[in-house]
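Take a look at the following structure, please.
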Amino acid sequence: MIKTVEGARVLAEAAVACRLDVVACYPITPTTHLTEELNQFYADGRIPEYLTVEAEFSAISALIGASAAGARTFTTTGGQGLLYMHEPLFSAAGMRLPIVMLVGNRAVSSPLNIWNDEQDTISQRDTGWIQIYCRNNQEAVDSIPQAFYVAEKILLPVMVCVDGHYLTHAVEQVDVPDEKLVQGFLPPYKYPLKLDPQNPVSLGVYANPTHYQTFREDVVADMEAAKEILVEAGKKWGKLTGREYGLINAYKVKDADRVLLSVGSVMDNVVMVVDELREKGEKVGALHLRVLRPFPREEIAKALEGKKVGVIDRDLSIGAQAPIYLEIAEALNGKGAQVSSFYGGLGGRGVKRVHIRELFEKLRKGPVKQWITTEPPKAAMKG
Amino acid sequence: MDNNRAAQSGDERIGMWDGMSKQSEMHLFAPGHSGCPGCGPSNVLIQVCDTLGKDIVVVQATGCMEITSTQYPQTAWRVPYIHSLFQNAPAVASGVSRALKAQGNDHTKVVVIAGDGSTYDIGFGALSGMLERGDDVLYVCYDNQLYANTGVQKSGATPYGAATTTTTVGSVHRGKETERKPIAEIVAAHGIAYVASASVAYSADLQNKVRKANAVKGPSFLVVDSPCCLGQGFDGGITMKVAKLNVMSRLWFLYEIENGKFKLNFNPANPKPLQEVLGLQKRFRHLSPGQIEHIQKQADASYNALLEKAGLLESQKSFSSPEKPLNTPK
Amino acid sequence: MKEIRLHGRAGQGMVTGAELIALAAHYEGKHSQAFPFFGSEKRGPPVEAYCRIDDKPFLIHEEIAQPDVVIVGDSSILDAVDVCKGLRADGVVIVNSRKSASDLRLNAKNVYTVNATEVALNHFKKLILNTVMLGAFCKVTGIVRLASVQKAIRESLSSLPAPLIEANVKAIEEVYNLMACSAPAAKAPVVAKTGRKRK
Amino acid sequence: MIIPHAKPGTSVQNITGEWKAYMPVVNGDKCIKCGICQNFCPEGIMGEVKRIPEIDYEYCKGCSVCANECPVKCIEMRRVEQD
């Protein structure tokens, strides 16, 4: 039913509707309200186990154990917290454990900043976790059950990425799926090699050079195979709720000559500007990269062939080109497309509609690579 | 109650002190920080820094006192200061102290100032490592028994029964179901020379312990009860009253552990009724009679254990054993 | 689309105020969004919160730069914060102050003042200013109806003790009646749509 | 090249005195100069111990710790005249 509710709090409802067994959380802005709401569900008996761990490193570590023991597991973090999970993130993926985590995107230290950009999850794109980005709280609520569906079918953990502040703290109308609907969508969780005295297998083994790469090749192959399952989940969810999801969301792209592409809530602002400019007859479009891992190369190539494309990176790869731009440029190599890179909106500056209008203008000429949302920096930096 | 204004007679005051008024120039922790009105931890910082003086380097963990004191381009600190992350202050401090030593500086004291979240939980591993290495660092934990900066979640220092946003009150669970970590005893078990438990409201005792800890060559540790009005649910004006009542009702003890030997600084022989201090705080409003009884039993048990460790139990008075020689050379 | 920016000090309830307006608008079948300034959980420093209301769904995730309405709960922030920044030409400013609108010398044409602090202190021990300011907001702008805000108060503040909830409901009505000017006629409510289709 | 840092004591530029709705007023005659208020002030702006407190209202947040802790009750909290 449609509620007017804060993003972080309603995400707890969506998670609990998936019938969680074990939750382990450490509080951090911007996802503290979700951590707190989950604890209220635990206090009222709706979640069997809730560990108040002493650090994010231990949140994932606890869920590695719980998931391997057959429990459906969930946690949430953001910014520094996600970075402090870096080592166990690799371990969870390598051990093929279908943990689902809601990440509230937040800038990374130093300097310390609690506001929004996507440096945290982008920096974890190589860990083997599937990454789903959400444009708004409706997509976030819809993506959690789908995340469990995919994770538990392909046995790879999933990060659902939601912009801190702009989404986690936004109170807006969200159609909240109830437990009955979610239980119809999501089969119960059965981990094939559960830690069980009746079947005492060893998990998380040590592999020598002969075997190690074989496991990594298998993870790479299954990450690719996950694309199909993500689309399957999105279609199945569409039948139940009327809201279908895919790997990408192309809005008025087909006949567009200029397209802006990014992940997360900035794409909602782009859609509003596309509508504005379309009324003036400009052929512009918006492409939301909903799934970053596995990276939908073929879908990107098909959708953007021959177009002028601007990639908005609210993240950095210091010493290299912007991360999402690099992957989009590679996917469009030889496709007659002209790809520009716009990076900025960091630490809460955001990319607003006024900036987006400028970016569409810049695409007329292109290709360009430049900062966006640059205030008069040098003066401010004197300090 | 001499607040021992920082000893800096005669030295030049380039930029270190520029305040807007005489009062605003007095302390090594300047006004203008954004702690809540009536903030216990803010007062601890003023007392600790003034007692230690200027020849220190402060290493801070992320937390309320870090966020409220160092918002670029301003800082309330008038001493050298470094903050890196939430969980690595003890490691950073070890690095600073070794670097000073390598440059022949054996007088500047490295002081970690951290909250209970970073001390009891996320930074506990790094703390234990520092203690085992014997680094010359004075560690002060301002203990407000919760994660205040992120909006009142439970920490390892949160007392049994207390409601926080991650030990919520519901129909099945009602507040925290486990005891606080006995951090002073755990730290002392590392065999370090000086550990003490103090309170923001007992200034003379606190400042005396800061001086003793400062004199130790090697690690020393203070945990200071510094109630948080916003998180514990009372008006900022009664922060010191709550702190005093905590000690008077055996919910917080003033003692020292010097080379493993316990010394009680204040003996709450006839404690105040628990209800007086619990009743002041929203975080305890939901307590059932059973939970209050549990807290009372725990308080008395802790008190007796402390008396025993300090050799003050009646039974021990008749034949108290002579001072045992130290086994670890310090 | 109507965009509202609330100003005050942390702990005075301005963030909750934005949420109450958004909830009230939802009851009237409109699409709404609220989100707060964002900082760590401290009492005292100036904060702001945002609220958007429209008849059709909107997809905007950014702060409000050109508000139609500015609500100032604590006038002591006026010299620290430029509350009229970006205000639309016909924008409205409502300030909790005992001074007259002209004395405040704000660069805005339509400025209304109300002594909300006094009403608040009659009803609540602490300086909670959101509900009292929303009374003035409903009266001056008519963007949402008083009854909808009172319903939002009862529903979203349900965890508060009942007498405090009723005090809020009474306080908002008191300020609503206190405000001299009359509210422009509120448009007839639109029946809430069932599912909300996102493009 | 910019190293993120701040110069010592610059927080004095942040005038927190505007936060208060109530302000402490000292009745010097009754004051016994015990230093408790100076010691307990979370902003450290009540002047020297062993002297009658001189409050710097630019920074006082009106928390009332001093008024509550004064053993002779010579500090009274008064409503700040908001304009």
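Side notes on the structure shown:
Order of writing sets the labels: A, B, C and D. Residues in every chain begin at 1.
Convention: contacts are C-beta pairs under 8 Å (C-beta built on N, C-alpha and C of every residue); 3 or more make two chains touch, one makes a residue touch a chain.
Protein names from UniProt, one per chain: C = pyruvate synthase; D = 4Fe-4S binding protein.
The model shown is predicted, which means the values in this text are computed figures rather than measured ones.
Most remote from chain A, judged by the distance between CA-atom centroids, is D. Across every pairing of chains, the maximum count of C-beta contacts belongs to B-D. Separating the CA-averaged centres of chain B and chain C is a span of 41 Å.
Chain C and chain D have Cα centroids lying 33 Å from one another. A straight line joining the Cα centres of chain A and chain D is 48 Å long. Counting partner chains per residue, chain A has residues 29, 110-111, 383 touching two or more of them. Multi-chain contact residues of chain B, defined as those touching 2 or more other chains: 34-37, 67, 72-73, 150-151, 236. In chain D, the residues that touch at least two other chains are 4, 6, 16, 19, 61.
Within the complex, the chain C residues that touch chain D are 9, 43-45, 75-77, 80, 97-99, 117, 127. Chain C meets chain B in the complex at residues 40-45. Interface residues of chain D, counted against chain C in their complex, comprise 16, 18-19, 21, 61, 82-83. Per the touch definition, chain C reaches chain A in the complex via residues 18-19, 22-23, 26, 31-36, 38-40, 57-63, 65, 192, 194-199. Put simply, chain B touches chain A in their complex at residues 62, 67, 72-73, 83-87, 120-122, 124, 147, 150-151, 153-154, 156, 165-174.
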